[in-house]
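Each in structure tokens, the structures are laid out below.
Presented sequentially are two complexes of chain A, the first with chain B as partner and the second with chain C.
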Partner chain A sequence: MKKNLLLALLVLFSIGFPLFMSNDYLTHILIMAGINVILVLSLNIISGFAGQISLGHAAFFGIGAYASALLSMQGLPVWIAGIIAAVISALAGLLVGYPVLRLRGHFFAIATLGFGEIVHLIINNWVKVTRGPMGLSGIPRPESIPGLDFSQKIDYYFLILLLVILVIYLSNRMHKSKMGRALSAIRADEITARTMGVHVAYYKVTAFAWSAAVAAIAGAAYAHYVLFLSPETFKGAASINILLMLLIGGIGSVLGSVLGGLFITVLSEYLRAFAQYQMIIYGVLIVFVVIFAPKGLSGLLAKMAGLFGRWNKRGATNISN
Partner chain B sequence: MAQPILATENLALHFGGVVAVDKVSISVKPGQIFGLIGPNGAGKTTMFNLLTGIYKPTSGKMFFKGKDITHLPTHQITELGISRTFQNIRLLKGQSVFENILIATHYHLKYNFVSAFFSTPKYRSQEQKAKQMVNALLEQYHLTQYKDEIASDLPQGIQRKVEIIRALATGAELVFLDEPAAGLNPVETSELMALIKRIRDEGKTVLLIEHDMKLVKGVCDEIAVLNFGQLIDQGTYDQVTKNPRVVQAYLGRRYENAQSL
Partner chain C sequence: MVEFLQQTINGLVMGSSYVLTALGLTLIFGMLDMLNFAHGELLMAGAFIATTLVEVFHVSYLVAIPVSMLVVAILGVIMHRLAFHPLRNSERVNLLVSSLGVSIILQNAVQLIWGPDPRNLPSPFTNLQISFGGLGINQQRLFVVLVSILLIILLYYVIQKSKIGIAMRACAFDMDVAKLMGIKANNIIMFTFAIGASLAASAGTLLAPIFSVYPTMGVMATVKAFVVVLMGGVGNITGAIAGGFILGLVETYAAGYWSSEYKDVIAFVIMILVLLLKPAGLFGKQVQEKV
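This part shows the complex of A and B:
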């Protein structure tokens, strides 16, 4: 009950915030943060829920971005192009996941690392289609719908907010259903999961396909906002960046994914002046998170809420005494 | 004679040159507590791993209620009605007792992800039913007080019990228990004996690996003895413990002529 109220307030705040602070720069950062949050949530499905670390998630981000951009440039409405891009990305996920996720251990991480590189190389070298290092320009904006015209940053912000809410809802539904339970059993112990009747390979591959599809939606949202794509954006470093946000936010937690995405996006904005030291700062941050807050920001928040609760209770008993 | 609930025909598993299970043929009658005993390394746990599809046999066949399950994957064997516990308790780390048992209802839930996404009545009623089932089991086996505790933080005896209840929660007719008395104190062991008998009395069949001979003697209706992967005897406790080959396997050649274990 209390949680729902908090959620409603948060959504209201997210809607109201840019209306009062109508500042293009801030809105831009929030849009980028929203795209990152979707990306982190997508990675959380396979790496958080199912415990299979993916080191090439930027590949699906890239597939989504390029597929949606190229399709819409062929004249397809952006909305449909985005959905098709998600399907293409999910199929790519199936293609990689099917052979690799049947194996246990680190094979998956290694395979996704390779896959990430391959996708980056394709984007970089398939000049005829992707225009390679020159970058892809002339990407259309989403067609306006009644009330929202996406050439306005603030309108695009609302679109991203809607997508974020949708993906959060998807993640939560998944987590609370038998699929989520199967995935967390797989993460904890594959043998046990199997003996409890869970078709392990099926769920891992399905989770990966969902994860890829959601990452592609982030890609499409990025492409039709920035309107220019360059292979640089989808390098291996981007994959690591997504994983970093997930780790700092709290792997396996939906709230953590949101916090991680927001926190790192805003932080990197503030650290823009020290761009070359950014990785050092992230490195130190990761070390701190691993040692002091293994469950990330969301774990820290829960701990604080627990402390506050205890403090509150003690206060109450003191009064009643 | 009634059809055996579980039967193996010349079941064998080779790891390279090592013969872990050597042409074992056993048959288990329904409603029995069937003991699988033998010295360390005799291939008992390997048998369990074969029968639950975790290992694939090199040769031979296995049947559950007459159905050939030799090539089925583990999750399908579970769906047919075989469930197990593990020698080194395998509860899901960081999950509560309730969550640990809830996972066993997995294949009973027939809704798809779309109905979960929209939280349809079908989804809600099935989820509710599964949760009620788990709560009823917890109540029935006096575990309700531990419901929300992290399972792996509980005492060994409770963890064993949770694992056994989890195996039951799959709806299995045939339950494999792999050394359930390991690490238990005498009080916990006698509680365990009562629990195992209760499971049989509820109409299930139990296949039991155990080193604690008092427990084996106390509960098993029939026993198979393995040594170096071979079946050396099958019969009642009194029969097998009088077999010189069994005595020899346990105590060595010198005691070949001893009366019984």
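This part shows the complex of A and C:
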């Protein structure tokens, strides 16, 4: 009950915040943060819930962005193009996931890294379709719907907010479903999970396809907001950036994914002046988080809540004494 | 025919650099069950150190190679102590992630020190040609292949015959039993990191005069080395040697006769095929995992 109230307040705040602080720059950062949050949540499905580290997630982001942009430039409504892009990306996920996820161990990480490079190479070299390094321009905005006209940044913000809420809902539902429990078992120990009758390969591949589809939706949202795509955005460093956000936030946690996405997006804005040191700082952050705080921000938050709870309880017992 | 021979030599050059990079990776992978994503960065560091030695300190290229190998070996050990050793009892995935962090740090540190622009490492062999009939062979390419083969034979001998090599194989086979037999596992792991790092550095310094030297050159090297490791089978030295040369040759033929833009895609197609058809590697046996 208390949790629901908190959630409702949070949503109200997210809706109200940009209305009162109408500032294009701030709204822009919030939109980018929302897109990053969707990406991190999508990575969390395969790397958090299922425990399979993917190092090529920017590939699905790129597939979603380019597929949706190209389809809509052919005259398809943006809304339908976005959905088709998600389906294409899920199929690509199946194609990569099927051979690799049947295997145990680190093969998945290597294969996704390779896949990320392939997709970047194709986007960069298939000039006839993607216009290669020159970049793709002339992408249409989403068609307006009653009440929302997406040429306004603030309206686009609401769209992203809605998507973020949907993906959070999807993640939570998935985590609590039969599939979520199967994935938790796989993450803890594959051999034990298989012994208990969990169809390991099926669940891993399904989780990966979902993960790819959600990442593609983030890609479509990005493409129809920025209206210009360049291969640079989807290279290997972007995949690492998504993973970084997930690690900082807390791998496996939905709250952590949201926090991580927000935190790193805002931090990147502030570190812009120190752009050349930014990546080194991130590298050091990764090593530190893994060694000293493997549960990330959400783990720290839980620890703090635990301390607070204990302190509260102690206070209560003191009073009763 | 001449073109084919030319391509074969180029393939052997690429192949020998893949072998040198993959050997260290497969040793660590087999021993610690760890993917070291910072391995290619050691190759890059080796190339940069050699370039600085030659350009700034006017050291001869032939001296710069062993010096940079030594420096990078020390760098490899430091990397292990700071980023990997503290994680020895945690999940394997954490080691992978930590190595990603190290890779980002090294890449960007080098970029800060030397700048992002590509550089050239001058070598006394670059402009010399040997010709057989219509076939012209660049001496640097010949030098790369010869030195690589020498290093590979040396490593093979050390691992098969020397006491420390036997200890390394024991650790890779079963770390706990090796410890019980009185092997100082920590020292062996450090030694393995040092050897792997210096081999990667040798690949970097050997290839640098042919291609240019830039901070992100290690990324592709890491990826290719992983493909080679998978082709050969994890922890399999002979497999890595064969896999590296096969990949180098196939890639070069593909670039020569098909498309040079998509030659990097070949490596991944090979990798996916190997994982699909022979997941234990081209030369490995499928082993049932013990619980």
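The working rule: the second predicted complex is superposed on the first by the 320 of 321 C-alpha atoms of A that agree within 3 Å, B and C clash if a C-alpha of one lies under 4 Å from a C-alpha of the other, contacts with A are read in each partner's own complex, and residues count from 1 in each chain.
The rule we apply is simple: a residue touches a chain if its C-beta (ideal position, glycine included) is under 8 Å from a C-beta of that chain, and two chains touch if they have at least 3 such contacts.
Keep in mind the model is a prediction, meaning the values are calculated, not measured.
Placing chain B and chain C on a common chain A by superposition gives a fit, with no clash between them.
After overlaying the two complexes on the shared chain, residue contacts for A:Ile15 are found with neither chain B nor chain C.
In the superposed model, A:Leu121 lies in contact with chain C only, and not with chain B.
When both complexes are overlaid on chain A, the residue A:Gln276 reaches chain C alone and has no touch with chain B. By the document's definition of touching, neither partner reaches A:Leu7: not chain B, not chain C. Of the two partner chains, chain C is the only one touched by A:Val287; chain B is not.
Of the two partner chains placed around the shared chain by superposition, neither chain B nor chain C is touched by A:Ile80. Of the two partner chains placed by the overlay, chain B and chain C both lie in contact with A:Ile191. More residues of chain A lie in contact with C than with the other chain of the pair chain B and chain C. Contacts of A:Val200 after superposition: chain B is touched, whereas chain C is not reached. Contacts of A:Ile240 after superposition: chain C is touched, whereas chain B is not reached. Across the superposed structures, the minimum distance from chain B to chain C, using CA atoms, reads 7 Å. Residue overlap on chain A between the chain B contacts of one complex and the chain C contacts of the other covers 191.
Chain contact summary for the complex, chain A toward chain C: residues 51, 53, 55, 96, 99-100, 103-107, 109-111, 113-115, 117-118, 121-122, 125, 191, 236, 240, 243, 247, 276-277, 279-280, 282-287, 290-291, 294.
Of all the residues in chain C, the ones that touch chain A in their complex are 29, 33, 35, 37, 82-83, 86-87, 90, 92-94, 96-98, 100-105, 107-109, 111-112, 219-220, 223, 226-227, 230, 261-262, 264-265, 267-268, 271-272, 275-276, 279, 289, 291.
Taken in their complex, chain A has these residues touching chain B: 170, 173-174, 176-179, 181-182, 184-185, 188-189, 191-200. Those residues of chain B that touch chain A in the complex are listed here as 52-54, 73-75, 78-79, 83-84, 86, 90-95, 99, 102-104, 106-107, 109, 111, 113, 116-117, 119, 123, 127, 166, 170.
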